[in-house]
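The same subunit A turns up in both complexes below, where it pairs with subunit B and then with subunit C.
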Partner chain A sequence: MKYGGYTGKILTVDLTSGSFGEMPVTDELAEGYLGGRGFAAKILYDELAAGIDPLGPENKILFVTGPATGTLVPTASRIGVGCKSPLTGTQSVSYMGGHFGAQLKYAGWDGILVSGVSAAPVTLVIDDGRVRLDDATSLWGKDTHQTQEELAASLGTDFQLGAIGPAGENLVSYANFMHVQHAAGRGGIGAVFGSKKLKAVAVRGSGGISLGTPTTDYIAACRELHQIIMENPVRDAFRWVGTTGMLPHVNDAVGLPYRNHQDDRVPDVSGIHSDEIAKYIKQYEACGGCNVICGSVVEFERNGRSYRTERIEHESVWALGPLCGITDLPAIMEAGHVCDLLGMDTMSAGAALAWAMEAREKGLLSEADTDGLDLSFGNTDVLYDALHRIAAREGFGDVLARGSRGAAEAVGKGAELAMQVKGLDIAAYAPRAFTGMALNYATTGRGADHNKAFTVAAEFLGVLGDYDRYDTTGKPGLVKSMQDSTAIIDSLIMCMFTVDLGISVELYARCGNLPTGMTLTADDVYTIGERINTVERLFNLREGLTRQDDTLPPRFAAEAAPSDPGGHTVDVASLMDEYYAERGWDVQGIPTAALLDRLGLSDMAAAD
Partner chain B sequence: MNYVEFHKDKCISCDLCSEVCSLNKLGRIQPAASAIRITRDPAVYFGEMRCAVCDMTHDRVCVESCPVDALTFEESSGVVRFDADLCTDCGACLDSCPNVAQDAISRRIMICDLCDGDPKCVQWCPEAALTWEAGA
Partner chain C sequence: MRVTVVVFGPYASRLPAGSQGGRIEMKVEEGTSVRELADVLDLPEEVTRYVRRDAVRLGLDDVLSDGDIVSFVLPLAGG
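Entry: the complex of A and B
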């Protein structure tokens, strides 16, 4: 292909036949979709027939990198892992940092498309152009750390590794794929691995990435971008405590969901304050290509068990903590680590537990219903056992393994207490406190994902404007533009944190142009972002989703948070017409012919 | 002779050093072929960081191992130079010292040349895990 930054090919793996091939990355694909999430939108739409079982042989796993991955562009180490989600039934791509994505490109691949089902557990080993499937029978049943340790011992330490844990093997709807401490976390990709008997992936690359900009200019331009981040005052917050620094501020703003969103403020967060978390830090860690350095390793003990693991993040500490009425930091950190070992999303695990806790509180579930688990808000000791039962699908764990929405369906009650959109559980920014987030949760393709338009930056942090966080004026336009610009971050692929660190849309265009040699403008970035969001919409419409799915649980329009003196509620239905109009979708949320024509997608609509 | 010093407790595994080094030397980003390479002790979860870069102590095992003078020590700059025209790709230098690397594409032997006194890896290290030290 004519552009730099890409390897120009995606590895195809058919687990059923054990055969391998290549899919070309064409100039047209790069121009229309850029990389990462864009590639996933187009390829998943083309490769997955409507109505397939997410855990059946027809589903596929797609690893995608972007043109900036592994190229010195700041934070661009990330890789996306996509599929039709067993949690949401929509298309879904989860991203993880670390060193896996760059290594895949050095091995000569822009991505991996995995199809079929293996008869026995296997590890996919990619050693530059040499690809094989190793028997993984001895790894099946092992946790994500054990699996990676054993693979490192047998393959050599220069391989980058990722694996599923027992949760993925047992098809937990929110199982993830772990690369060391990094998770392709949400949407249940791990269960799709489990359904295919794909236990792990190992990659090593000795090759290089050629660039579309002369070397001296490239190094100087990347240096400028790194300096912008290094000199941004927000960088210092991420540097020492990662995302956990947000927690007390969001709580003070009555914006931190508590006890399954019954309130939006925790009475006392002093025990889970980032200052407390920082006391356990032993060393600091960065992803590849990153000078933010938000990661760290902690050591702690609980109930006689000693742990050395990664520092917990904002969303995890919240979901396994305040969402469940818990503020005991070692118990929360242990639960987060257990989720990592078992290979499941901390956020949906916490949300499933919080759903059960409220159902229990409301008398919809008895202790007998939950097989003796005391699922009461604030019960720190239930986390460890409950998480293990979910991963093993033992007793009531089998109910919770379906996610909050699926659990409510399984027991036939408590659907209104499942705090999710399209099956994906709401994140740690209260919809009632940040109406932009509320609309983003309601409209994002794979459900309530806070990272598809982090409007908190504009509504609370003052980074991207100064919107009133309760007032809905202008929010449909804000959400739409941020969803589109975020699609580019996810396509390059860079880290979401760069939004808060001085990287503007113009600079994202630059981050695409430097490795590729393209001449993208900010307008082009928005157009590609629109195209990506629209194709993701077409996928979901083909699956039968409608305007009725672009909604929030009824609680947020009906009840104000008791701790909120302003008594705010949020009704996203009242914003939907304006949001759809911003998008060029009709009142049913269907992209109009004029929009499809403008985005060059008329053929895709015609194919329906 | 000055040299690049690695401080293992400060390294946060960002790989910026090997990304920029390979780009500067080869015109493509290729950490496996960088003159500086970062690895980690795998025996422990988040084990100790390790760095492979010429330490400029110049026992010159690489030069001595070369059967055809493709590697020579340059007195004026104090670094080892590589001559691709003479190299037979025998691999003896790679066996002689763990700090020697090879570009799998061009077969070029990669040894730190200190970037003419202003090492890119030191410039780019965000944590001062790499420093520019004055030798005896």
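Entry: the complex of A and C
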């Protein structure tokens, strides 16, 4: 490996035989894909045959870092965790902060590729180059906090830890993997862990990282990058309430989905205003290598229970709140905490509940159908019980555990009420209010992932462009461009929020060059991003997805939000030809031979 | 004429005395533009990129009317 930043090897773990090995990270892989999401796109494409069962023995789990991970590049302690998703059937890689990523790098590994199935529950322990599988039978059944507490007590606190909870063990389609309060959240990776009986992972590293830039230059450059972030006024906003500051503004702009997207405005958002959330904050927390310090710890009480837990974030407040017609902050915060303990994605959990609430409202489900759970919009008391039943797959919880789309399939009705794309539930930015987001939701490989092209920055915040949020002119080009440039952030791997803090595409290229010694330009960033998005597309085509899957639920083209004075709808189908043309895909959404050739992907055949 | 100004949390401290929770009602001259209002309040450039009156976005040169509630939105990402 001629580049700095990488260790040059991925740890391979075969749970069936209990054996370990190494997979090399080549110069070609680094040059073409950089790391993180890029490595995951290529490796998952190569390692997973078409048509495998995501919860079967042939699926694999890939932990992946980037060349910046563990260095002084700001915010570079994140890690990606990916697989074929049990929720969507696409590739799905989730990213989490904290300290896990850096520690894996210091242990000498660029990533971990887990295959096979263990006969009994195990914890994977990585101690520099010494790797073992510890029996985890006594941990099976325990929540994510208790599991990590017990592991910390037995292994020592210098290990970084992550675990699944009961939701993953019980194969809930949107179960997650938790590293303390950080979640590798969406797409159901936790269920894949559960299917393999992999309960937890512990990593400790004592090594350093070779750099491709002389030390004094590297330190000076990293100091400059930290300075750019710290001097940006947005930093204060993140430090104050994390991601929750935008919520009331998006709501007033009629862009916050309410009651399963029946409307895009909450009548009274004051209960969940960031001012309210700030009142519960007791202390602040940072991820490794980051001085923004956007995390915090809250204390609150509800129904005689006292909680001390992570301050909830924007998407979670919304999904367990307004999406379900709820604006009671303690009820929402309690539900978020319960999701963390049980190990499941707040967004898809909220969306499954909201689907059921609308299905009940429309008479498609009765209270008997839902085992006595009163799934009515605004019912603050149903969240706690419903979430526990989902994780345990008890009664109607077993239906909800399949996600909104899977639940509709299971009961044979309400499919048009599942507010998802490819199975992944739409996020807190209303498609009708932000047409760039609508198109991104419809086209991103993983489903409706708001992080893959946050066009809100260009359509609403005046950063990265000045587009009208309702006007679809230019949106195909904007979405394509942002999907490509955003890929670098999850490949380096840095925090998405650096894009709001003054880090431009040119600076991301710099963040790639500093550890590696490469000479990437902004153009290279776009090319690598384009390659990553294309490989993710090839994976989906090979799985049988088509243009029919690049769509939104019919509601968004058919009905305007009642609260929108302008009566806007959005029809992504009308934008798809232009989007495909921008991408260099044919009218079926298949990458052309010319595109594959330009990106060096000619050996990767598209699906026939 | 009177307008109400709303700014995001950390910028609440920049509002004149009498503000409450990032809101203040204040007297401005007829014909005051959004830009002039931001200048008077010494708001940084970041918070002037998206200015809103209800669901409608205002440009920096738009002129305010009596009774307007004007919000300066910080370019924060929610996630």
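The rule is simple: the second predicted complex is superposed on the first by the 605 of 608 C-alpha atoms of A that agree within 3 Å, B and C clash if a C-alpha of one lies under 4 Å from a C-alpha of the other, contacts with A are read in each partner's own complex, and residues count from 1 in each chain.
Just so we're on the same page, a contact is a pair of C-beta atoms (placed from the backbone, for glycine too) under 8 Å apart; a residue touches a chain by one contact, two chains touch by 3 or more.
These numbers come from a predicted model, not from an experiment.
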item	value
First (subunit B), second (subunit C), both or neither touched by A:486	neither
Which of subunit B and subunit C A:152 touches, first, second, both or neither	first
Which superposed partner A:380 touches (first subunit B, second subunit C, both, neither)	neither
Which superposed partner A:460 touches (first subunit B, second subunit C, both, neither)	second
Touching partner for A:92 - first (subunit B), second (subunit C), both, neither	neither
Residues on subunit A engaged by subunit C in the complex (per definition of touch)	232-234, 236-241, 243-247, 249-250, 252-254, 274-275, 278, 313-315, 428-429, 450-451, 454, 456-457, 460-463, 496-497, 499-500, 564-566
Residue numbers on subunit B that touch subunit A, as the complex places them	9, 12-16, 19-20, 22-24, 26-33, 39-40, 42, 45-46, 103-105, 120, 123-124, 126-127
Residue numbers on subunit C that touch subunit A, as the complex places them	8-11, 21-22, 44, 46-47, 49-50, 52, 54-55, 71, 73-79
Subunit B-facing residues of subunit A, complex	70-72, 99, 102, 106, 128, 145, 149, 152-153, 157-158, 205-211, 215, 218-219, 223, 226, 230, 283-291, 293, 295, 297, 308-309
